[in-house]
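Each of the two complexes below includes subunit A, the first together with subunit B, the second together with subunit C.
So, the complex of A and B:
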């Protein structure tokens, strides 16, 4: 195959434009319907009783009281739970975890469903669940990394990171003129999308119809089908909008499967929506980590070794381990690289992928350790990173498909004013006397692709219908994917009707891994090109077409017309070609995926550099990130307005990670004591007064025909370390525990 | 949630008549409704005061006192420019609390009646003497944060979460109450109770008593020129205080003629110590003086397991609030009220 894909390619008039979100008005006026907005007639409400202990057994429940409560229709416990055809431990569908669906009376984590109550109203179901008043045989829970011994990672599946070593690690340590050996900890975090998990389930015979938020239609259909012993095509999922997923809504979660089971049992539609508090347990989280970094550099500040050990939590009944140490792969040109992982089994719900899994936690530690070594070496943090800039992927030697990281560093530094940074910490004060500090971090995130399909249909009126099931998580897929589709057909955006959000459409793949625009967009692009190719054949065979006889030529569509590539003088209107051919719609199909050999030939990442300014009150210790500048190179940007929003969102999550988010476990009970938004903090607007994103130009001829990488997750990655480093620079204090709080600044 | 009766009286007399054991007053509902959803509050009768007439105005009385009707919303009071000019620390405290949406719903009397945000009080599965006398206190040795360092007892270590109450205490506000036995007045300093052996008794209200108004006494506006509320917290907005302080000074010829200092988030009530204020009288303002006063105010603080930093923070917060007050009330309310990160104070009213 050729070394590069066809280049350069201009993508019409829509791609690259900051088109306003097409679903925006529907969302702000309440027209957009989310899963829990649906209430089919005859529907029952389901509420589950969550376990109040983290480890032990349910010994009794007052089902009599619950069943006697007015409006309660049925109480389902492990004793009377209807049969499930599939195994709750089945993991044959990608990204699936073992689910808790009342299969026994064992309690494995606080918040685990221990019974389900169905009632005519939400209030009655809620009160019924409360009246159950479960009694327990309690065992001592283990909920923090200190509560149990670590063990090797169990296997090699999803969420079971392998150890990776490149080069001679011992020699790297021996060669270091300067080194640091530091341990950082990160807290357990919970996804908490604005829309909690919810489902409305209806059965008709052995056909299942669901309103449920999903990041992956086909995988979700396959998952529900497996649990209920029906073919995947019998499962219909409607999900036009998704109020955030962040990795927690890819596949069926236990409470949602319970609702489907209940609906089948009672023969009525059932709605179940998690409360905010219930989001802390059965639907995944970012596991706590303890990361030891031993890194060394020679006398010139060139890294001889990055040795990254991660100990992370997992549950007692599944194996997802935060792959944090892998964040040290792919980035800096160290002579030797080692990433190792161990797991601690705790009485918690199984952790899972949460926006920038691995990289967010791993980079937080790595970027701080890098600054510690830079400071020990007497080198400016940016200069230190530039000195260790990797021209090829460290360890493997593979070329990068593209890497404009140097431009990110330089443009970000210029915009931020980095060159004015005093090297000594604790020396900058602002006009109000606040300690001021500047820090930076490098951002790296893989540019994967999943597999997706799409269909494009050109109509004789010159408009088109394009379809893929692709989920819009709120990131703007409704708009960005339509832009790609319009350009692939050479039509203005307004002439293209885009359908998505329904499982009957061609499989749009997974909205995750920062690969959605590349994957679903790639499928839409290919479908459009398929239409153009077919249309070219029709025109070339049509004696009335100006394109007659151009049978061997390449055709391109632009501005509603078909051209012979390289010959602007010959063209025909798309609609006219179809009309002359009888007016029947013309359908093309396309697939988005990356060939394995292309994936192997290059290292493919998005890159970025984040610069942070923090203010810290010298007496009172309150911290605020006054300014963040992020410069990112992520291939072709389809919609700069939406991409900027995505990157802002990531950077704000970086603030959240660095300063706010932490699930606080009571080690006596295993319960999370701040399981609401009053106690589990994320930043408010007043916490992010100065955000700026620079999108650095980058052409990537290898990642895919569109040259699209992804921007969904990378914004978090460099930001956390940048903030930790800025706090060090402001105060002279190096805090190695995230989140960093007032108490860490005092005393 | 548990089923309950819902009544909507039109007058104070009707409201009082509707009360019985198991009944609760509903103001804005920003505290009560949450607790009902959590199963922590399980009333039999909810008496919605929203239609009771005559409790929604702010009036200046003949002697210069200002009377605030119990149902005045927090938002309406903060938008009352004349009120803010006379009692800037009260306005600043209100604006630093909750969010705009919550302030629209919340009432001033409800602010006095709001429950502690102690995580163990809010968790129906935890032992809490305040909820269930004799059950124990799981907050001790727990992870809730935000616990008392002053005035706590073995039975309860909860703090009062209110910002508004802190300057009210500093300014000797009075709570006007009506009840089955008639009307009475309760000094703000006596309104919230320390836990002692009866942590379930949170306020001085007798069963069936209803707050009808708050009153800032004549002369309380004498601090308007040197009056600040400062609130320290990890998040810049929409978070309860880690430590807070209301400070007011009445200056005469460069010396402190009268001083007020109350601390928030350290105890089950706003913390005010007469000796801390007395030490300031007749002095010229300076940071060392304020540190002496703040140290007196925090005397007796108990660091518990790991709260030495909080005692240190509360003292420093009081010092900073006094320094800000001494520098003069800003002519305009800062864009971030009560915040450490409020823009440089700028033009002063009386500096």
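So, the complex of A and C:
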């Protein structure tokens, strides 16, 4: 295939259209059902008691008081917990973390479940858990990066980044005419999807039926099956909707496993919904980082080295290190590159993947450091990035599968009005006297694919049923995947019934890594093509078909008809072919995955450029983002309306990272002091300015047959640095600690 | 200790026997009356996912003890409009993609309906953003939410139905 196409890639009539969400009516009427909306007959409510210390042991609990509370049915503690068949420390299922399920009386982090109370009502279970009043033997907790020595990252794999070096780093440092050596810190952040983790578990013999939010049906089934010693096919998960995931709902979390265990123990359905406060502990978070960036450039402003060291937290009992230093490795054409990671073991719940894991934190530091070097070099920040534009992947030299980043820079800059930017900081004020600043950042995110399967069934009435266990956590899978399926079958969208959100369907893979549309969509596309291929064989063998005898041809389906490719004069209606063949439905199957050789041949990333305007009150130090323009190139956009919403959402996460989110630890108790929405700030509507997204056209003939990359995470990536740089431009202050707060503007 | 009360729920009179004085309006709706459209996001009045209208005003149902509502008129998302006859706010949320995961959406919509009936100026987006800031959307659908509220307010003003909620 050519590296560039003269004309935009054509696909069917649905893809590329701003189709309105197919689940819209269900969501605006309250009909959309989430896990905790289910209450099967005979159900008990479960509430767990969280540890009030971060390190030590539970020495006593008042189980008598809890059991005596009216309505309480069972109190489960480490002393009487029923056996679990699987080892809670086993990590054999992909993306799994070690879980805390009352296996002993050790407290490893604040908020860890120390007992579970089952009761007839939520009120009784809540009060029962409160009455337990755990007593502790307390040890001094370690909850910030300064509280323990760093150590090498254990192992290699998911959340265990390897160190990398490309080129001669020492020579790169020596060759630098100008360099910066700066350290940025980022705070611990908690996903806080609006829907707290919840589960409704029912056992029937050795079959387990679950209403639980999941970003990965097959992996979740495998996980629960392993903990309970049953085959994965005995686990049914129903999850038509997730109330947000952001990386925290891919695999079974400890409290959810406890609820399943309790349901088996009492022989009744059990519902457990985490409280908001309980979302700060056992269900993952983005670990705090301390990143040192040493970057240098020659006299022409060309980077000679990017040397990125990251120290990030992990827990005492598992390994996940925010892979922040990876974020600087695929972007700028530096002569030498190095990424190194170290871990600090703290008494916290294990960190995990949270929207743009690694890229969000790493890019925040990198993009600010880039601006520091641009300023030291006397070069405009955009010009500095253009001078260091990588035509091939730095370090590896691999060609990019596509890279329209230059267009992102130019279109974004033009829309924003960047060319009018004064270079000196602190020189712009708006009409009301607020310090005004403009900053920018580059966005980069990999375009991975996982593995998925799908099934497509064409019926003699000309409609189709397409199926995959895709998860829609808000990104729009219900709609975008159906658009892909319709096009692959050559049918109008309304003729396609799309089934997803249930574990009995073909494995839809993982809704994560910004790879779900590419992967599940790829499987649906392949399944549709399989139907088309079979239908072509039937038609070619059918003397009554206009396509008769076209046996060696390629067939394409469009507008409900089957055509011989390259011969528009011959066609037959899809339904007619089936009817003449007896009317039985025709089923095709497909897989979505990327061949290893394709993955090796090209570097595959989405790109973007984000431009931010901030206003800072010179007296109060209050910071507001007044304008954000993001230009992104992410391959084929299946649904521009939904993609824009994803990118807006990502950019708002960028605002949140830059200015709002931070878990604050009490270093005496090890508890998070602001474990609620009053103290843990995320943007509200008034914090969000006018946003603009430009979707830059990009054809990618290599990334997958659909040309789809993904837009779920990249929005956050460039935005954080852009805001940090805009604050510097507004005030002359360079703050190297995220989130940037009023206190950073004072003194 | 059962407590008997009567309230008007989505336009219909309901006799409710409370089994427990600790029950909030939110848990009454969700766990006892099978009205699960109203969502629990924080149970602390900090996120707005549980917003309903009580006597025409928006309240956090998680902070409202059910026992205090004898004689009250309560409107939830289930009572605002139907799939066949959407309320203008619901229709505008779909049109402007004012949601992603949908979990905060019933609260956003009830809050928007309440805000409009408070006499919102549809041409003042800053006021809309402020007035909708008790409702957190973690997906970040604020851009569409603001546009949706604006459009619904205009449409309802034109139709003279600000109090339709």
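Operating definition for what follows: the second predicted complex is superposed on the first by the 738 of 747 C-alpha atoms of A that agree within 3 Å, B and C clash if a C-alpha of one lies under 4 Å from a C-alpha of the other, contacts with A are read in each partner's own complex, and residues count from 1 in each chain.
FYI, a residue touches a chain if its C-beta (ideal position, glycine included) is under 8 Å from a C-beta of that chain, and two chains touch if they have at least 3 such contacts.
Computed from a prediction, not measured in an experiment: that's the story for all the values here.
Visitor: For the three-chain arrangement built by superposition, which of subunit B and subunit C touches the greater number of subunit A residues?
Guide: C
Visitor: Could you tell me if A:747 is touching subunit B, subunit C, both of them or neither one (first, second, both, neither)?
Guide: The answer is first: A:747 touches subunit B but not subunit C.
Visitor: For A:708, is the partner it touches subunit B (first), subunit C (second), both, or none of the two (neither)?
Guide: neither
Visitor: I'd like to know which partner A:685 touches here: subunit B for first, subunit C for second, both or neither.
Guide: both
Visitor: Quick one: classify A:432 as touching subunit B (first), subunit C (second), both or neither.
Guide: After superposition on chain A, A:432 lies in contact with subunit B alone.
Visitor: Looking at A:651, would you say it contacts subunit B, subunit C, both, or neither? Reply first, second, both or neither.
Guide: After superposition on chain A, A:651 lies in contact with subunit C alone.
Visitor: After the superposition on A, what does A:539 contact: first (subunit B), second (subunit C), both or neither?
Guide: neither
Visitor: Is A:123 touching anything from subunit B or subunit C once the two structures are fitted on A? First, second, both or neither.
Guide: both
Visitor: Identify the residues of subunit A that lie in both the subunit B contact region and the subunit C contact region.
Guide: The overlap between the subunit B and subunit C interfaces on subunit A comprises residues 123, 127, 678, 683-687.
Visitor: How about subunit C: which of its residues touch subunit A in the complex?
Guide: 19-20, 22-23, 27, 30-31, 34-44, 46-47, 49, 76-78, 80-83, 86, 90-91, 93-95, 97, 99-106, 109, 126, 128-130, 132-146
Visitor: Using the touch definition up top, name the residues of subunit A that touch subunit B in the complex.
Guide: Those in contact with subunit B are residues 52, 70, 123, 126-127, 130, 431-432, 434, 615, 617, 619-624, 659-660, 664-669, 671, 673-674, 678-679, 681, 683-687, 741-743, 746-747.
Visitor: What part of subunit A is in contact with subunit C in the complex they form?
Guide: 20-21, 23-34, 36-37, 39, 121-124, 127, 192-196, 241-244, 246, 273, 275-276, 473-476, 641-642, 644-646, 648-653, 676-678, 682-688, 691
Visitor: What residues on subunit B touch subunit A, complex-wise?
Guide: Checking each residue of subunit B against subunit A gives 1-3, 39, 117, 119-120, 123, 125-126, 138, 141-145, 232-240, 242-243, 308-310, 312-313, 316-317, 319-320, 336, 339-341, 343-344.
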